Amino acid sequence: MKAEAFVELNEVGKEFSAQGKTIRVLSNISFTMKKGEFVSVLGKSGCGKSTLLNLIGGFDSPSEGSVYFDGEEVKKPSRRAIMLFQHYGLLPWRTVLKNVELGLEPEKSLSTAERRERALDSIKLVGLEESKDRFPAQLSGGMQQRVAIARALAIRPELILMDEPFAALDTFNRYYLQDELLHIREQEKNNIVLVTHDIDEAIYLSDRILIMDAHPGRIKQTLEINLPSPRDRSHSDFQYYRKLILDSFHFSKDGATLEFNI
Amino acid sequence: MKTVKHFTIAFILVLVVWQLVIWIGGYPEALLPPPLAVGKGIVALVSDGTLFTHVQISMFRFLSGYLTAVVVAVVLGLILGRSPKVWAIVDPVIQVLRPVAPVAWAPFIVLWFGIGNMPAIVIIFIAAFFPVLLSTVSAVKKIDPTYLKIAENLEMKQPAQLFKIIFPAAFPYIANGLHIAVGTAWIFLVAGEMIGAQSGLGYLIIDSRNALDLDLVLAGIIFIGVLGLLLDKAIGLFERWVGRQWGVQG
Amino acid sequence: PPEEKVIRIGYLPITHAAPLYFEKQFEDQYLNGGRIELIRFGSWIELMDALNTGRIDGASVLFELAMKAREKGIDLKAVALGHRDGNAVVVSHDVEEVADLKGATVAIPHTLSAHNLLLDEMLQNAGLTYEDVNPVEMPPAEMPAALSEGRIQSYIVAEPFGALGVSLNTGKVLFQSNEIRANSLCCVLVLRSDFIEQQPEFAQTFVTGYIEAGKKAEAYDVHTHDEHEDPFKQFLNVDEDVLTLSLGWISYDNLRIEQEDYEYLRQRLVEMGLSENPPAYEEFVDQSFFEEALERR
Amino acid sequence: MKTVKHFTIAFILVLVVWQLVIWIGGYPEALLPPPLAVGKGIVALVSDGTLFTHVQISMFRFLSGYLTAVVVAVVLGLILGRSPKVWAIVDPVIQVLRPVAPVAWAPFIVLWFGIGNMPAIVIIFIAAFFPVLLSTVSAVKKIDPTYLKIAENLEMKQPAQLFKIIFPAAFPYIANGLHIAVGTAWIFLVAGEMIGAQSGLGYLIIDSRNALDLDLVLAGIIFIGVLGLLLDKAIGLFERWVGRQWGVQG
Amino acid sequence: MKAEAFVELNEVGKEFSAQGKTIRVLSNISFTMKKGEFVSVLGKSGCGKSTLLNLIGGFDSPSEGSVYFDGEEVKKPSRRAIMLFQHYGLLPWRTVLKNVELGLEPEKSLSTAERRERALDSIKLVGLEESKDRFPAQLSGGMQQRVAIARALAIRPELILMDEPFAALDTFNRYYLQDELLHIREQEKNNIVLVTHDIDEAIYLSDRILIMDAHPGRIKQTLEINLPSPRDRSHSDFQYYRKLILDSFHFSKDGATLEFNI
C-alpha cells in the first residue's frame, strides 16, 4: 500500500451467486485515487459500476482483493465516505432541513443549535434556503438531488461517492447541477468518485475517467482530462476527449461498425 | 356536496327496492320488516336514548380492542420484520391461527377473560391483530434498502434506526394494514358481543333477533353499517393527516 | 308407491329433547312408514329462524320463544311438552342460600326462557328482587367454565349443562326447578299450522309416537341399552354418569300441556315485561293431538 | 426443506407452551384439554372417517361460495370500475353493507336460502364478495392510463378492450383481492355452518362446543387453521402460475 | 389550410384547470410539417412537450386554435398516427410477438397468418427475431423500446409520435437506438414527430428542431438541420448546431450567466 494513496483497490473481484449460479461481476480491478482527485467511472448499464462503488463505500465486500480507504481496509460503511444514491435517498417524511440534519444527528457532540446551523450552511451552499421547510415530494428532481448533496456536504465527509446522480434529470437540469457541483467543489475541495454512463458528464466534471467494459466488469482504459476548469461544453478541446471516448465505444462514423450489435 | 347527492340517490334506491321486494314477495312483517317499521324502530331507539348507550359501549369495546391490537401488533411487527430468523418460526404459527374464526375461540376466551366487555374486546383484538401484524412485517421487509444503507452510512445506532428510518418508511403500508383491520375487526363486533354482553350494537342485534324483532335487527344492521363507514372514513382522514405531516400529497 | 311422509323437526342437543331422540330411533315402530328428519341447531336463534320461515315443520323449543313467535304472527301450535322439570339452579360452592346471590352474576341462556322466569321466582321466594342480581345471557356451553373461573356465581340452564357443572365439580345444585315452582313449563313441541293443515293425519301419527317415545325415554336405563340402539348415544353426546344425573332430575311420562300451567306462564311473562300480549291458550295450544293420542293407545 | 424445519420447531414450541399453561394454570381437562387429548381426538376423527366427510363438505361449501363470489364480483367490478357514475351511487350502499357481519343477516338468509348448505355458501359468498369487488374496482381505476391510450390509439372496440387490456392490466391487483378474500371468507365458514348445517368443520366446532368436548373443538380449530393455510398457499401458487403465464417473475 | 401541409397547427393554445386554478400550458403554437419530415420538439421539463404531442395525436383537444392531420381536423386518436410512450407502453402479459400483433388485431380484414407475418416482419426490422417469444419483463430497456417501435411500424401508420422515447436508456443504448431509428426511417420513410430534452438527439435525428420555452409553452426558435445523413456525433458541423442550441439556452461559458438560476 502506497502512502499517498487515498483510495486504493488491489486486484478487486466480485462474484454474486443467484439461484445456484455464480456470476462474476467485477474482475481484477486495481486503481488508486489521490487526495483531492475527482474520478469518474464510465460504462454501459450493467457493467458493474454500482457494484464497484458499493465496494469502495463498504456496503459490500469484495470476493477477491482488498479496498483501502485512507490507509485502512474498508470493512463497513462509514461517515467518512458518504454515498449519494441514484434516486436521491431522501426521507420523504422529513422536510429539506430535517433531511439534512439527519446526517448530523448521530454526532452526539453537536448541540441542536449547532446542528441546525451546519445544516443551514450546506442548504445555502446548494441554494435551497427558500425551500428548507418543504418536503421532498414538493420539489423537482433537480432540487431533490441538491438536498441529497447538501446532506452529504453537511457531514463534511472525506469522500463523496455518487451513483449516476444526474441520470434521472433532463439535460438542462443536469447541466445546471453539474455546474453547481463544480462550483461547490472549488470551495470545499471534496474528493469525489462519480459513476455515470454520460460521456459529456464524465469529461465535464472529472480529473480522470475510468472507462469500464462489461462481462466481467473491468477497467478498459484510463483517461486523464487535462482541461482547465471551468470547461466549455462546446469548446474544441472538450470535443477532442469526446471523440476519443466515442471512438473507444465505436460510435464515430468511421466505417460500418454500427449495425445491430447491441 | 356531490357525495351527499350520491348518498341520497343510493338511499332512496335502496328503500324503493326493499319495499318492492316486500310487496312482490308478500313477506309478513315478522320475517321481513318494511322500511317504515325499521324507521320507527330507529326513531324509538334514538328517542329513548338506548341507541346512544349501545353505540357508546360498542365504540368503547371496539376502540379498546383495536387500539391495543394496533400498538402490540405494530411494535411486534417492527421487531419481527427485522429478525427474519424469529419470524421464520413465528410465521407458521400465525398462518395457522389466522384463518380460525374468533368465535371458535369463545370457550377459551370465557375461560381466560370472563364475560361482559372482555370477550368483545378480545375478539376484536384478535380480529385486528393478525392483519396489522402481517402488514407491519411485510412493510418492514419491503422497505427500500436505500434507506437502510443510508442509516448504515450515517452510522446510526439501533433504537434511532427503528424510530427514524424503519417505522416512518414502513408507515404507508402499515397504515394500509390499519385501514383493512378497522373493517375486519368491526365485523366481529357482533360476534364479540354474543358472549355475555348485555349491551352494545352487537347485543342489540342478537337480542332483537332472540325476541324476533327483526325491525330492530335491521336497525342495528344499519347502525353498524353506518358506524363502520364512519370509522373507515375516520382512519382514512387520519392516514391523510399523517401523510400531510410528512409532506406526502393526500 | 305412495309418497314417503317426512316431518322435519328442529332441536338442540339437550337432554330436554329426549322424546324426539326416542321417536327417531324407533320411527319404524311409531310412524307407520313415515320418517322424521331431525335437524340439529347450535343455538335457539338459528332454530327459530328456520322455524319461523318454514324451513322446518316443527321443533322442540323453549315455550316462551314459541309464544313470542306466535305473538309476532307466526302460525304455530303447541301440541305437547318437551319434558317436565329438570332445570337446576347451579351455584358455586361458596353459595349456601339464595341470599348469598345478592349482587352476584347469574347466567341464563335467554331472557325468553323458563330459566329466566325461574330465576325471578326463586329470588322472589327468598324475598329478593330481580334487580338484586346481575343476570347475563350466554351460550350454555360456556357456563361451566365461567362458573369455574368465578366469572359467574350461578347459572340456570337446560340439561345436561347443569349436570355437567356438577360432575365437573365447578358448582353444586341449589334448587331443582320443581322446588321453586311445581309444574313450571320449559320446552314444548310445536308444529307449524301449515304442516298440520297439509298433513293432519301424519301430524297425528307423529304426536302419538312422540308421546309414546316420551314414555320410553322415561323408562330408559343406561345399562339396558345396546350401544347402537341407544338414542342418547345417537343424538346427545355426554358421559354416562352426567346423563344419569341429569335424567334423575327430569321426567317425560306426562307431556300434556295443562291450561293452568300455561296461564301462569302467560301471567309471568307479562309481569316480567317480556311480552305484552302473549297468545291465549285456545289460540296457541292445540290439545286435540294429545287427546287423540290417548284415544288411539 | 427449511420450511419443514421451521414448521417443526414452531409446532414443538406451541405444544410445550400449551402443556405448560395447563400445568401452571391447573385447568381441568374439560375446560382446557391438553395436547395429548386433542391428539387422541384428531386420531379418532381421522380413523372413523368423520373428519374426511366434514372436510369434504366444508370445502364444497367454501369453494361454491367463494368461486361464485369471485366470478360475480370480478365481472361486476370490471363494469363498475369503468362506469364512475354508476359506481358513485353503488359505492355508498356497499360501504354501508360491508362492515355488517354476515351473521347479522342470518334471519334473512334463512328466509331466502333455507338451511343446510345454502346459508354457509351464501355467508361465504358475502364475505368474499365485498373484498373482491372493491379490489377489482380500485384495480380498474388504477390501471396505467397509457394502456387505455394505446387502446384508443389502436381504435380497439369495447369488448376487446375489456378482455385484452383492462382485465389483464388489473389482474395483479385483482389477484391480491382474491388472496385477501380467501382468508376472510374462510374465517366465516364457522359462522356459515351454524345455520342448520348437519356437518362440516364449523358444525364440528359448534357441536363439540355444545357437548363441551373441547378437545374436539381444538381439533376442529387446528383443521380449520391448517386448511386455511393450505388454501392460502394454493391461491398463492395460482397467482404465481398466472404470473408465469404472463411472463411476470414470481 | 395549405394543401401540402401534412400536419398543421394553427395558433393552438391549451389550458388545464386543476383545483379551481387555470394553468396555461401552451400558447399560440403554429407550425406545419411536410410529408416525409422528421421534426423534433426540444425543451425543458414541464414546458408542455407532451401536451403538444397529445394534441397532435388527438388524445386531448386544444383550448384554442385547431390541429389538422392530412387535411382533416384531429378529433380523436387514430390508427394513422401512432404514439410511442416514454415508458414503452408494452403489455407485460403479452410476449413480444403478441405485443406487436396487438396493433393489428383491430384490423378485421387480416387473417391470423397475415397478421403474424406482418408482425414478424417488423420484429425483424428492429432485430428482435430471437426474442419474439419473451415477455417484456425479460428484456432490457433498449429491447423494450424496440418492441414498441416494431408495434408502431407493423401498423404502417402515416405518422409516428415519439415522447422522449430514449430518455430512460443509458447513453450507449440511446446511441444504438438512434442509429437504428435512422436506419429504419431510410427504409420506411416514416413521418416522425419526436419530443426530447436531449440536444444531441434532436440534432442527430431530425430535419427540423422546434425549440420550446416554458410558462406558457411556446415555440421560441425553429432550426433547420442541414447536415447529410448519416451524421457524425463528433464532427465539427454537428458541433456547430450544438453550440447554437447551447447558446440559446445560455450554456456556453461566455460569461457569468450561470449561478443558481434554476
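Chains here go by letter, A, B, C, D and E, matching the order in which they are written, and residues are numbered from 1 within each.
The rule we apply is simple: a contact is a pair of C-beta atoms (placed from the backbone, for glycine too) under 8 Å apart; a residue touches a chain by one contact, two chains touch by 3 or more.
Given the structure is predicted, the values throughout are model-derived calculations rather than measurements.
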| item | value |
| --- | --- |
| Shortest chain-hopping distance from chain B out to chain E | 2 |
| Maximum inter-chain contact count - chain pair | B-D |
| Whole-Å gap separating chain D and chain E, where each centre is the average of the chain's CA atoms | 48 |
| Chain centre separation (chain B, chain C; CA means) in Å | 38 |
| For chain A paired with chain E, centre-to-centre distance based on mean C-alpha positions, whole Å | 32 |
| Centroid spacing, where centroids are CA-atom means, of chain A and chain D in whole angstrom | 50 |
| Multi-partner residues of chain D (at least 2 other chains) | 31, 106-107, 111, 209 |
| In chain C, residues with contacts to at least two other chains | 45, 49, 52-53, 139, 141, 145 |
| Two or more partner chains touched - positions in chain E | none |
| Chain-chain contacts as defined at top | A-B, A-E, B-C, B-D, C-D, D-E |
| Chain D-touching residues of chain E, taken from the complex the two chains share | 57, 59, 76-79, 81-83, 85, 87, 89, 91-95, 102-103, 105-106, 134-138, 155 |
| Chain C to chain B touching residues, read off their complex | 44-45, 48-49, 52-53, 65, 68-69, 72-74, 105, 107, 110-112, 136-139, 141-142, 145-146, 149, 151-152 |
| List of chain B residues in touch with chain A within their complex | 146-147, 149-150, 152-157, 160, 164-165, 168-169, 171, 245-249 |
| Residues of chain B defined as touching chain D within the complex | 2-3, 6-7, 9-11, 13-14, 27, 31-32, 88-93, 95-108, 111, 180, 183-184, 186-191, 202, 205, 209, 214, 217, 220-222, 224-229, 231-232 |
| List of chain C residues in touch with chain D within their complex | 10, 12-13, 39-43, 45-46, 49-50, 52-53, 55-56, 139-141, 144-145, 148, 161, 164, 168, 236-238 |
